[in-house]
Amino acid sequence: MLERVTATAPVRAAQGTGPEQGREVPFRGGGFRPGQRRWVAPVLFVVLIALVEAGTRSGVISNLTLPRPSDVFATLVDLARSGLLWKHLAPSLGRLVVGASIGAGLGILVGVMIGLFTLVRAGLVPLVAALFPIPKIALLPLFVIWFGIDEASKYALIAFGTFTPTVVATYGAVDGVDRTLIRMGQSFGLTWLSIVRKIVLPGALPGILSGLRVSLAIAIILLVAAEMLGAEYGIGAYILEAGALYDLERLFAGVTVLSVLGLVVSFLIGRVERLLLAWRA
Amino acid sequence: MTTLSRRRLLGGIGVAAGAAGLGLPAFAAASKVNVGALRLVSHAPSFIALERGYFEEAGLDVEFSFFQAAQPMAVAIASGDVGYGATAITGGLISLAQKGVAKVIGGALREEKGIPGQVILASNAAYDAGLTEPAALGGHSFGVTTAGSSFHYMGSRVASAAGVDPAELQFRPLQKVGAVIGALKSGQVDAWSIVPNIAGSLVNSGAAKQIGLIADYIPDYQVTTLMCSATNAAEEREKTAAFIAAFARGAADFNAALVDRTADDADELAAIIHKYVYEDDTPEVAAKKIAAGAMRLSPGCALDLASVEDQLGWFTSEGLIRGEVSTEMLVDTSYVDAA
Amino acid sequence: MDLSLLDIGHSYGQTRVLEGISLEIPAGQVLCIVGPSGCGKSTLLRMIGGLERPAQGRVMTRGAAPEGCLNPLTFVFQDFALLPWRTVAGNVSLALEDHRLARARREAVIADVLSRTRLSDFADALPRQLSGGMRQRVAIARALAVNPAVMLLDEPLSALDAQTRELLMEDLVGLWSRAPFTAVYVTHNLAEAVRLGHRIAVLSRRPGRIREIVEIDTPLAERRTGEAGLERVQAHLWELMREEARAADAELIDA
């Protein structure tokens, strides 16, 4: 075998006279590997804003289509200076925290139950699948009757909206826990509770947290819907009022606040992930 | 604003009717017009004008675009997607007028004493607790669709007229009429004001109590107005005037048959309106509802400028609109016949 | 503690995987089970450890477990089965936490097994920071921590490269020589079987039956890779398995 390999080598070498002769093999392994470019996002953002500013100033973009970014910024500054920003933000944050905590908390609980118990899975998976696509906004009048017009209905709407995606993400994560780890736990005679607490829950945590990213974004989306229900203050109420008055500057100022809220939530979940999932590479 | 010069372009009923009578189409070829409408009795003049051929006689080939609420219709009119429509004066409409894209060109629905009009309602619970007249509104919640809607205006003005500081009312924005109905029924809001047919069914079914009439507190309230885009108002004068004239003929038929009851074609008109409104109901039920909800439509599409001025003043004082707004910004007075 | 398998048989649906397996596993010995892939040897091991229920037959234990034994039948898995979110010491600790041990006692046990597997310096490392061989040593340390009566090793070296495998075999022999334990060692690697097994049970292809049990008298500590006696045994085992392996290879997985 070895002899035959050495025998073919001279034939190949005979075609060129030196190692520099012939063609170099072209590189074709590039791409498909997203890297990090921290400056791209801010630059793109600034360029887009500048384009809109120039467009609205020159009249290419009519004042019916988009507000001037500088006016939106001025509106935001006014909002902050007058203290109205906090007056709107505080109740919204309260609704977000309470509603999302209830929804995500129950969602994780039910998701884990579905992941662990055959009977619960058989009963609840179709139910959750049926609840998931219901547009929560469509139930608005019903929520007024069920939970009243005050905070309870807002909590309920946000909780309902975050519940279903959390359930789906959680039981998917529990299903995804390495079965050999559970077998290992059983082989060492661990109690059922120990297996759930020390193997299933930590193993499902990455999936649960990435599900929470989606759920909390949905909670922010639903904030506007929730504040349709008789809210005098709140970022969602502020946006709705701006929309009703066709006040584009306030509308965009409110939307900007929601976007920032989304960024903050995403950043916080990233922090929690780094803290709790440090064991991942 | 009675000093305003009373100009009539093509807009009078007489001229249009005369042209039709002579069999002379106003334009050589019918021009296509998209008219925005809500499935409400207050939009009946448009439906009548189409079904009875008034639009056609005025040289307009009309197609309807239906909307769920006045606000998106106002935006569609401002953007030019819809040519004409009737809507309440809202903060949104004023804002669009400020941007120079929308104009009010006439009046439509109007409160008039002695004619069924909008009703002030109280929830059963609030009524039992003493809210039996608008003078007791202080400290109560009042349902509105959005801030700056006509409900908001009515609640505030009724309170003032009844001697209550409007700041003592809690206005609850609920986005949709359906949501306000639900809130009123369950006692989540204490009071509301609404067109007579909805109010009637709520009161008759025992779901709410009537505590007053809007006409008694906001006399001559110009509830809805005709509007179009600023471009149409300025550059399509003939078409715009033709629309106003045809709409006014529809309104005249409506007033005669269903409001003043001087004409005997009420059944025929109800059948026409039923094609667009209360489609789910039987013709008999629909006819009853239509008759019950028949409010006065401004004759000749005249606009009550005093009421418009009052509404503008209220929006400004409430801080619902930014900066200055004048009647001239909102109304294209060249079409308007002051009421 | 001795183990007896009495006429074990099993099917997955229509497929018969094990048939009439009877075996004696005396205390203090390592029994290797070899066979072509898919012959049901891992299934058999899970039945011995109580992780799977045989359709027929029974697995019996006889005699008491050694003093201080926390988990008589203890597995070492092919893919290590370490919790990636726990440190080396934490993974060993997992096996002890459900038993009422004083904190100091538990820490002493952990320190002892880590030193026996030469992992004392890595007590606070996470599994992802370790090489494959070290990970399996953690799994072995975890198994030793409960002082098992029988170790059930399911292809423990298959996921490792040849050099690491050689080193770990020496480790296992060292551990056994210092404190002999009972073990059932499932593998498809004949070299491992002849290095580590006092007795080697050869299974046929599906349905798995015992074809032959080979005994090797050479003490574990004296066996060396490439030694003539062991080579002969290995060649004999290969003769037994060759046809089975070829036939097994030609079968459809679900057939």
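Just so it is clear, A, B and C label the chains in written order, and each chain counts residues from 1 on its own.
Here is the rule we use: a residue touches a chain if its C-beta (ideal position, glycine included) is under 8 Å from a C-beta of that chain, and two chains touch if they have at least 3 such contacts.
Not measured: the values here are computed from a predicted model.
Undergrad: Assign the assembly's chain-to-chain touch graph to one of these shapes: line, ring, star, complete, other.
TA: Line.
Undergrad: Among the chain pairs here, which one is joined by the most contacts?
TA: A-B
Undergrad: Between chain A and chain C, what's the gap in Å when you average each chain's C-alpha atoms?
TA: The mean C-alpha positions of chain A and chain C differ by 45 Å.
Undergrad: Need the CA-centroid distance for the pair chain B / chain C, whole Å please.
TA: The computed centroid separation for chain B versus chain C comes out at 86 Å.
Undergrad: Taking the touch rule as given, give the residues of chain A at its contact with chain B in the complex, in rising order.
TA: 63-64, 140-142, 144-145, 148-149, 228-232, 237, 240-241, 243-247
Undergrad: Enumerate the contact residues on chain C facing chain A in the complex.
TA: Chain C reaches chain A through residues 49, 51, 70-71, 73-75, 77, 79, 81, 83-86, 94-95, 97-98, 126, 128, 142, 146, 152.
Undergrad: Would you pull the chain A residues touching chain C in the complex into a rising list?
TA: 178, 180-181, 183-191, 194, 198-199, 202-203, 277, 279-281
Undergrad: Can you tell me which positions in chain B touch chain A when the two form their complex?
TA: Listed in rising order, the residues of chain B that touch chain A are 71, 74-75, 78-79, 90-93, 95-96, 99, 101, 141, 145-149, 170-176, 178-179, 181-183, 185-186, 188-189, 320-322.
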